[in-house]
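A short write-up of the structure that comes next.
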Amino acid sequence: MSGRTGDLPSKQTEGLPAAEARFWTGDYYNQGNDQASGMMDKLKEECGVFGVFGHKDAAELSYYGLHALQHRGEESCGICTSNLGGDFHYHRGMGLVKEVFDRDRLDSLVGANAIGHVRYSTAGASRLANAQPLVFKYRGGDLAVCTNGNLVNEPIIRRELEESGSIFQTTSDTEVIAHMIARSSKDLVEAVKDAFSRLIGGFAFLIMTKDVLIAACDPNGLRPMVMGRLGDAYIFASESCSFEVIGAEYVRDVQPGEIIVLDRNGIREERYAVLQRRSVCAMEYIYFARPDSDIGTINLHSARKRMGQQLALESFVDADIVTGVPDSSISAAIGYAEQTGIPYELGLIKNKYTGRTFIQPSQELREKGVKMKLSAVRKVVQGKRVVMIDDSIVRGTTSLRIVNLLREAGALEVHVRITSPPFANPCYYGIDTPDRRDLIASSKTVEEIRQAINADSLYFLSKPGLLEAVGGAESEYDRGLCLGCFTNDYPTPVEFEDAKATSCSCD
Amino acid sequence: MSGRTGDLPSKQTEGLPAAEARFWTGDYYNQGNDQASGMMDKLKEECGVFGVFGHKDAAELSYYGLHALQHRGEESCGICTSNLGGDFHYHRGMGLVKEVFDRDRLDSLVGANAIGHVRYSTAGASRLANAQPLVFKYRGGDLAVCTNGNLVNEPIIRRELEESGSIFQTTSDTEVIAHMIARSSKDLVEAVKDAFSRLIGGFAFLIMTKDVLIAACDPNGLRPMVMGRLGDAYIFASESCSFEVIGAEYVRDVQPGEIIVLDRNGIREERYAVLQRRSVCAMEYIYFARPDSDIGTINLHSARKRMGQQLALESFVDADIVTGVPDSSISAAIGYAEQTGIPYELGLIKNKYTGRTFIQPSQELREKGVKMKLSAVRKVVQGKRVVMIDDSIVRGTTSLRIVNLLREAGALEVHVRITSPPFANPCYYGIDTPDRRDLIASSKTVEEIRQAINADSLYFLSKPGLLEAVGGAESEYDRGLCLGCFTNDYPTPVEFEDAKATSCSCD
Amino acid sequence: MSGRTGDLPSKQTEGLPAAEARFWTGDYYNQGNDQASGMMDKLKEECGVFGVFGHKDAAELSYYGLHALQHRGEESCGICTSNLGGDFHYHRGMGLVKEVFDRDRLDSLVGANAIGHVRYSTAGASRLANAQPLVFKYRGGDLAVCTNGNLVNEPIIRRELEESGSIFQTTSDTEVIAHMIARSSKDLVEAVKDAFSRLIGGFAFLIMTKDVLIAACDPNGLRPMVMGRLGDAYIFASESCSFEVIGAEYVRDVQPGEIIVLDRNGIREERYAVLQRRSVCAMEYIYFARPDSDIGTINLHSARKRMGQQLALESFVDADIVTGVPDSSISAAIGYAEQTGIPYELGLIKNKYTGRTFIQPSQELREKGVKMKLSAVRKVVQGKRVVMIDDSIVRGTTSLRIVNLLREAGALEVHVRITSPPFANPCYYGIDTPDRRDLIASSKTVEEIRQAINADSLYFLSKPGLLEAVGGAESEYDRGLCLGCFTNDYPTPVEFEDAKATSCSCD
Amino acid sequence: MSGRTGDLPSKQTEGLPAAEARFWTGDYYNQGNDQASGMMDKLKEECGVFGVFGHKDAAELSYYGLHALQHRGEESCGICTSNLGGDFHYHRGMGLVKEVFDRDRLDSLVGANAIGHVRYSTAGASRLANAQPLVFKYRGGDLAVCTNGNLVNEPIIRRELEESGSIFQTTSDTEVIAHMIARSSKDLVEAVKDAFSRLIGGFAFLIMTKDVLIAACDPNGLRPMVMGRLGDAYIFASESCSFEVIGAEYVRDVQPGEIIVLDRNGIREERYAVLQRRSVCAMEYIYFARPDSDIGTINLHSARKRMGQQLALESFVDADIVTGVPDSSISAAIGYAEQTGIPYELGLIKNKYTGRTFIQPSQELREKGVKMKLSAVRKVVQGKRVVMIDDSIVRGTTSLRIVNLLREAGALEVHVRITSPPFANPCYYGIDTPDRRDLIASSKTVEEIRQAINADSLYFLSKPGLLEAVGGAESEYDRGLCLGCFTNDYPTPVEFEDAKATSCSCD
């Protein structure tokens, strides 16, 4: 099929060299770094949304809020503001929040309501057209939309819209939603509900007109969204860590199938779908969300530490030190160490300065041992039996590389412990996963993977163990997880013609 | 009505300070400079388009072609390329052609067909969303469009489209056209013809899909477009000066109401409107087009020189030197000097380095005589009776300033001669004119204007004189001019509800 | 005395607002971030040097090596290369290594020998003139010099040089050394030895001509420098962490008073001063150096962990969690937790994206709780008795702020444990310390400090405890520390007229 | 001898490809453009200086003044300010005045005295170290120096200084002068006089300390400098065009061998050399200076017009049109047209947007006729006998190219008329000329040159004709010209060992 380059790219990545299109761009705060590597294979980060209703400093709060969500997307960002009944003001740009906005920009974004977005980093060229919020004019006036997640049936809906004369300037699900809203003859809230009723997937949405701000989650609550208060204002965000930095108070998670409407009359909490058991993406717990965020009542650092403790219970190994792959597995490593009494040590260190523009070493230098981002600490691991904690194994290439780093630095044994079950199936809800055939766990046994990554032993956290760790929390509700990537059992239909996997709808 | 800021601005400028929104941004190659002044009141430049069909270096040729059209738009530019049947590749950016494209960018724009655009400079913030070509996905696949001109009935069509569910991401006429094409159930060429049949205004269009490149002009030929050949390739451009730089051969002007279709089968020259007498914008002859461009058989430097000669015939004045306001009136001044025998001298000089980022002097320094861009050459004008040739008087503030510059440098007398009739009416076809009430000629007599600009005498070229000067050319056809801004007699209806004046459709 | 602004600044900071001149710009990898705060008061980072002799990829190795030393200086960097007998090639710029160099730049830096530098971030304007290596022409040809540290008697030597006709373009010690070398009538190595014999202070130098590369340390070994091998090439660096990334092998530390000369004849290890007991800057162990670096046989993560363990032995407190102030005190916090059995938790988190261009919240928002960089994790600390580990207390304002962050997040008690003795005296050897009167420990008792920082208890690691922790290593030699900032007992004379404290010679 | 790259380059260009090192970078306002060409061979521009003594807006006046001198140097610029007795403030950068300075920068440059500089564009890499004013610390405090011109005996003096221990960070004459001043035991003015007494060459200097501003010219007045008044303030500049833009009044030219000292006691006009007949560089009249500048009583546009008239008298040719090579030869072409009655036409046009970053067409496209900067106007020249006026022929390659452009556009005959005698000898006073062997007039007769440039006829203005044209002015003094490049008869000794030709001392 046809793709294209430019600032309106196709969502498909087949045109890109695999090495470029798929390598790891995320750990919890410095994704993008690994673009330098070409050897990494971590999961791609999704996006983050942030909204304010009713605060005179809406733009500035969004700036700090999005900054706290920066780990969810480094490629581009944007903020759109409005007063009730007033004009839209917005700015979007390529780069980090701190790079895209300066004081003058922020000051120009007047209004008490705002929605903002951070978009994850892709390997391709600069693509400002994809920066969100997208802003449209339609019959009802101005409309701004931003999303995190993926619509499984987007190709079907898009084709229908094209057949009836719609044109698209981006490949984003966001634009599809805007078309659906504009096509409806109902009022905005009903139009949004109608549109959402047709959507299948995992998503969190913020929608703003000059009169209304709407927050909504998919019917299964796959993508997280939290609601908070700051004085009289309402705040919405992908993660609660953004509340702490602006001094907002967490109120509750937005529920599956819920649509929250804020306008001159205050707040209305409605539903467009019956309440189901929540199925939060397990990888949010394991890897994506910041450790200082909470999902429901569960703090993620604590959950990850319990994953490490659970791993220790399930798979103790006699060793000299425990080390975590930074940054995402530090918490779990400390948990493993606490549980076993084996000392936690800094066996691996990541250079925080590596980033987009970093020059990749020549093949020759790489073969000679030039490392870019992650290095093993020789004095710490030399002559030691090492337990190495990581969050997941995707292709296996990264794990192999890290195990070898430890061995080259003198580790006697390397025992790999993973804080999730084997990742054997694609995600349909916004995580940019490789094709199934590239997922090492889809075709290899644990023993085969162990050999492939050159480990002395390998253990994956059991599904019950994962649930137990997450469920250090009180309620059944909080423990509802989507485990599709481990189990191939998804909370929604996924088998459509053209159904989209492996990408975030933000793209 | 509602406006908004951001990268999707409203076309209306009422939100902007008048001084910012309206001052002169154009002379024939360095518009934008006068933004520093706040005192200028020249007409805003329009845009330029450039297209290639069937040349392996389509992007590079577009680069040089757009560079030659840079005077028509300095704010942003873009190129979209494709091979027949292939994918689109494109890049757009803020700034000059040489700033937006580098070798890597050009090399990434593969394909034998291309359309490109330069957009005029506005006073507001950076607005990449308005950069053209706009690129869409629609039922038929990829669609790229770029335009120069203005659709008078765009608001009516846009409202109709919104009523039936269309959403808009820009305020450009270009997007309206794309919607009209996408809504049609006919094939592309018929859809374009249908769409064009509904348009009222002055415009030049280039449209590209993976199969077809289309060039078209409005039914009156208000905005110029020329066709050329380079080997087997076809070239289209707003002005012929761009042919010379790439070594292309001029073939002919695209005719009023004509639509030229290039595809695998070669070239088809069709019409979507009956052929009328051409009404080329007179200001293209007087001011906008580069002096080395031709319209039809007429070279613009020669036409302007004849305007100067005609002025001399109509309004000789005994003086010591003739000087032209640079850069646009140099040719006319030389014509005036040749006709009268009064020596042409460099009485006014413009600093070519002044530009976007130039710091404006403080009020205090300005009052003390700090000049920014234009200065009088004291040794040349001191003690002299000066004939000062200019192309038009819009508000009169610039003329007053220049006359005073000459007087402060010691000119004994300043006789102003203008190479056009009084500019008393707005343009509806793409020139960004002030409101009628701000046009000095709409309310003042020539004598009153003379007083307002502090000249010893003032004369405007007569309408017959202008036609005579332009008609140094052979054919009646070439002399067909739109003189609406002088006569208030326009070649199309202009009195619609919401009819748009004073802006270029590219915005 | 006279100061000046511009790219040749005075070293003195009295002209700067205290808040600007002195706040914290360093933790081990993201210093500069705290410039946004205005509330921080951490010690300023020094600089880092890196050299290669005899490797065809000298520039590229320097790039990776300096990148690994980036935490020692974020303001500017540079690399100068040469082949034996060949021309110099160099490039310097403002910003991070990855920002200043691109592939083209690196490729232009041909030659098998290189010296490079990273310079610490200052609050003032852009100062490219201070970027190192400095490159001179002198009688002997080209000369490149870069340094880390501070010369105590620089003002005296500078005055002597000025009196005899020298001119200075920077305020750097580096230029002083170059003058001294140029004034000597001896050969280069002897000239360098003579010059070094006159220097009093703490410094590490790399000097390059087209024939020779010289590495040297001050007579007390205050500033660290290590030597390594990569194949046949020699490598020098401020810290060993840079060896790991390029695959180089650590050989040994450069000794106090040693001068190592590399030329066509190979390596010569000489001395310009008798060997003394080494006095490595204790703050390198406690705070500056990267945890994966070693000094002598001591790994710094391990040393810091032992500091935490030692603190636990000296000052146990019954608490619920231990947390470290990121990033420098994580290792020590883990040590404290291991020793006490109190769980280590992520009670404080730092946003890694904060940096130079980050917009500071308005006073109003800050008062309302907007945080910039560091935030407490509510779910982790709420209702808990917290042990908070930090490396030092300089003014006390930062500690107060962090304690309050923890209290606002619900901590019941906050017990502060510091991995160093009270910092009561200025540094004369390259750490940019505040005036003595601004050091809280210079005038307050521990109890007074405890009150000032609002802690429930406060304890500073004892001097014997610090030595014990560092001396987990085998040799007496490795334990030789400069403790001047704690004890006011310095390894060199410091009482000169005009003697310089509080700055790094690189400035 | 050894050269080097980097920001401290050698003045020698032998390391550069000839095509890069030597092509035309100057016409009177847009030099640098031709770097894109690789085919040009115009003379390199020199530099420009500007100074203010005693005006509260010294920095801002310097900004506008340097902007007016921008044609003398586009590579870098700088301003240094001071109040009497106060600190220095300065800023330098790569690029145009408008790019290097913004409002904040200007506002930070406080003080009533200022000196500033624009430096000419070179083909090499970014070289900020060469940007002037250079600022030093020496025994007497702060010292800022900027120059235009070249010291013939600089290598001898530099070697002496190096032998006695001086180090150099630039290759600029300016640094040599600073060393000479610093080495002197006398007071500043006497030290400067002593230093100048040793200098041989053509130069204009501005020197500033916190107490004094000094302006000086070489003993022969080779490089121009003018003095003006603005209220009570004194202004100095390379050209008078900069006075007009700031509203300053021209007072007089600085005389050969004069040194003007401004301090608390007012102005002192002294000499360091006996007054000789002035020998202003003839190329300033012919080509370098802006047409709105005056030298002495002579306006340069007028002088150039007279050169054209004189050419017409000396070498009339029957033709249809006269055209000038833009921009420098327009004035002369108008003079030729006026004298002969042959119409002046715009036969050649230059694209003003071409510049540093412009992409050079591939060889293939160039051969196919893609032009970059200059193009012939077909409609104007087709079928015409053309007189083409240019200012000089250096290598001949540019002339050949332009003649061919005209022929390809249909010119029947091309008659080249040059407003200077044959350029057969290098310049030693600041014009960056090619080696003598590359000067076409050094080895070819006029007839041979005519053949080489493919002209139908060729004539060079005679030396008496040139003097006559310049001497349209009243005084003998004003007519004193250096004609060394035409006559090989120089006003100073030039035959030193290592004597420098072909470069500006600013480099």
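Brief remarks on what is shown
All chains are identified by letter, namely A, B, C and D, in their written order; residue positions are counted from 1 within each chain.
Just so we're on the same page, contacts are C-beta pairs under 8 Å (C-beta built on N, C-alpha and C of every residue); 3 or more make two chains touch, one makes a residue touch a chain.
Please read these numbers as outputs of a predicted model, since none were measured by experiment.
The chains in contact with chain C as well as with chain D do not exist; no chain meets both. Distance between chain A and chain C, defined via averaged C-alpha coordinates, is recorded as 36 Å. We define each chain's centre as the mean of its Cα atoms; on that basis chain A and chain B are separated by 47 Å. The centroid of the Cα atoms in chain B and the matching centroid in chain C are 59 Å apart. You'll find the chains touch as A-B, A-C, B-D, C-D.
Put simply, chain C touches chain A in their complex at residues 29-30, 57, 60-61, 63-64, 67-68, 70-71, 96-99, 101-103, 106, 230, 241, 244-247, 290-292, 294, 297-299, 301-302, 305, 331, 334, 337-338, 343-346, 349, 351-355, 357-359, 361-362, 365, 368-372, 375-380, 409. Put simply, chain C touches chain D in their complex at residues 2-8, 80, 86-92, 108, 125, 128-129, 134-139, 141-143, 162-163, 165-169, 171, 175, 178-179, 182-184, 210.
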